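Below: one structure, written as structure tokens.
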Amino acid sequence: MSDADLLFRLAALNAAYARCIDDDRLEDWPELFLERCTYKITSAENLRRGYAAGIVYADSRAMLRDRVAALREANIYERQTYRHIVGMPALREAGTIAAETPFLVVRTMRDGRMDLFATGVYLDRVQDDAGALRFAERIVVCDSSRVDTLLAIPL
Amino acid sequence: MSDADLLFRLAALNAAYARCIDDDRLEDWPELFLERCTYKITSAENLRRGYAAGIVYADSRAMLRDRVAALREANIYERQTYRHIVGMPALREAGTIAAETPFLVVRTMRDGRMDLFATGVYLDRVQDDAGALRFAERIVVCDSSRVDTLLAIPL
Amino acid sequence: MSDADLLFRLAALNAAYARCIDDDRLEDWPELFLERCTYKITSAENLRRGYAAGIVYADSRAMLRDRVAALREANIYERQTYRHIVGMPALREAGTIAAETPFLVVRTMRDGRMDLFATGVYLDRVQDDAGALRFAERIVVCDSSRVDTLLAIPL
């Protein structure tokens, strides 16, 4: 697979990921990960200091599903919607399937107000799983350390 | 045409669309639509509630041209400029030419202040019109319901 | 090289450019330019008025390196970080290697606050330099004229 084709497939995977969240189809979101996977939300400062701990952590698709179920039960995120704007992936090495991709999320409140909710970079390792690309690892590195501790939705 | 090629042509169409507006070449904007077309601006909430009505509606290229002429006459949008940041299109089905594409628009006022003007998603149906891709339908779904009722420029 | 391939290589160049700045690897940033090159930051209003002068100007890779060295010495930008979100390049003419690319930069302050720092368009001329694309010219046209006169980082 050429780098151009790979970039396109990664861009398509990122678009699918963003749509799950922004269209409030959270149940589809875990399906974009491998059964055994790493999903973590952390901050650039944590990463710089070598703190392994993230704000959110999951190591299997089952945990991601549990997380979505808990969110649905808590029902606390309904008052706002999100919009991901995701940049083009940069392959960490030519030919590999490890990528860095910048993102920005805008939050819209029920009353129509919009704010910059988060910016950062996705550090990804991706695998071809029977013809579909899925995340083996997605580490969400937020630029701001002031990420909402009640962070409900996936980023 | 492969999906990768199609995505590229869609990305190029979206870039041309954004440039017409952001470079204030509004007269070129209707040319990106088919003669018979649908252009609509609405909100996610309207769409959810099944309201067909949009904030802006046109069903032909001629109507889009009229709209631009009216804007030029009114001349009310000159004090600000806009910048579209448009994500990668997601094909609704592999091989089709129906796409969803997230967007964000920043407005810059004459005095230099910037704000988040709009975010949302383009729901598009596109056709190859003698070698050039054009919009058969573009429905602009804004995340915020508080879209400016005096909305002047196309989104 | 097809337009699709060219767009991909441009998108990869833009991603590399953004990462140098956002990851604070400024020393790698001049390497993305040719030895003899033009780098300029200006505003849309300056451009419209025909003012040649920019806010920042360099005409060689050596000048860009000097700029980075001065920034490192001044050490004034450490309190904030930046995140570039860069759109897809639009080729100015099919087959050429001159492109226009919209961008948005979000700044995150040490205390976690985020703001829209800059939006605008890159006007680029690019060359293949022994297999790697490099900038012969990058003119950064900011939408706002109120660009920080103490502008430290490259945009």
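Per-chain residue numbering starts at 1, and chain names A, B and C are given in the order in which the chains are listed.
Methods note: a residue touches a chain if its C-beta (ideal position, glycine included) is under 8 Å from a C-beta of that chain, and two chains touch if they have at least 3 such contacts.
Since we're looking at a predicted model, the values are computed, not measured.
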Rounded to the nearest 5 degrees, what is the angle of the rotation that puts chain B onto chain C, matching CA atoms? 120
Taking all residue numbers at the chain A to chain C contact, is the shared part over half or under half, that is, same or different? different
Euclidean distance of C-alpha centroids - chain A vs chain C, Å: 26
Can you tell me which residues of chain A touch two or more of the remaining chains? 4, 85, 88, 104, 116
Hey, which residues of chain B end up touching chain A in the complex? 3-4, 7, 44, 85, 87-91, 100, 102-104, 116, 119-121, 143-146
Which residues of chain C touch chain A in the complex? 4-5, 8, 11-12, 14-16, 18-19, 22, 81, 83-86, 88, 104, 106, 108, 111-116
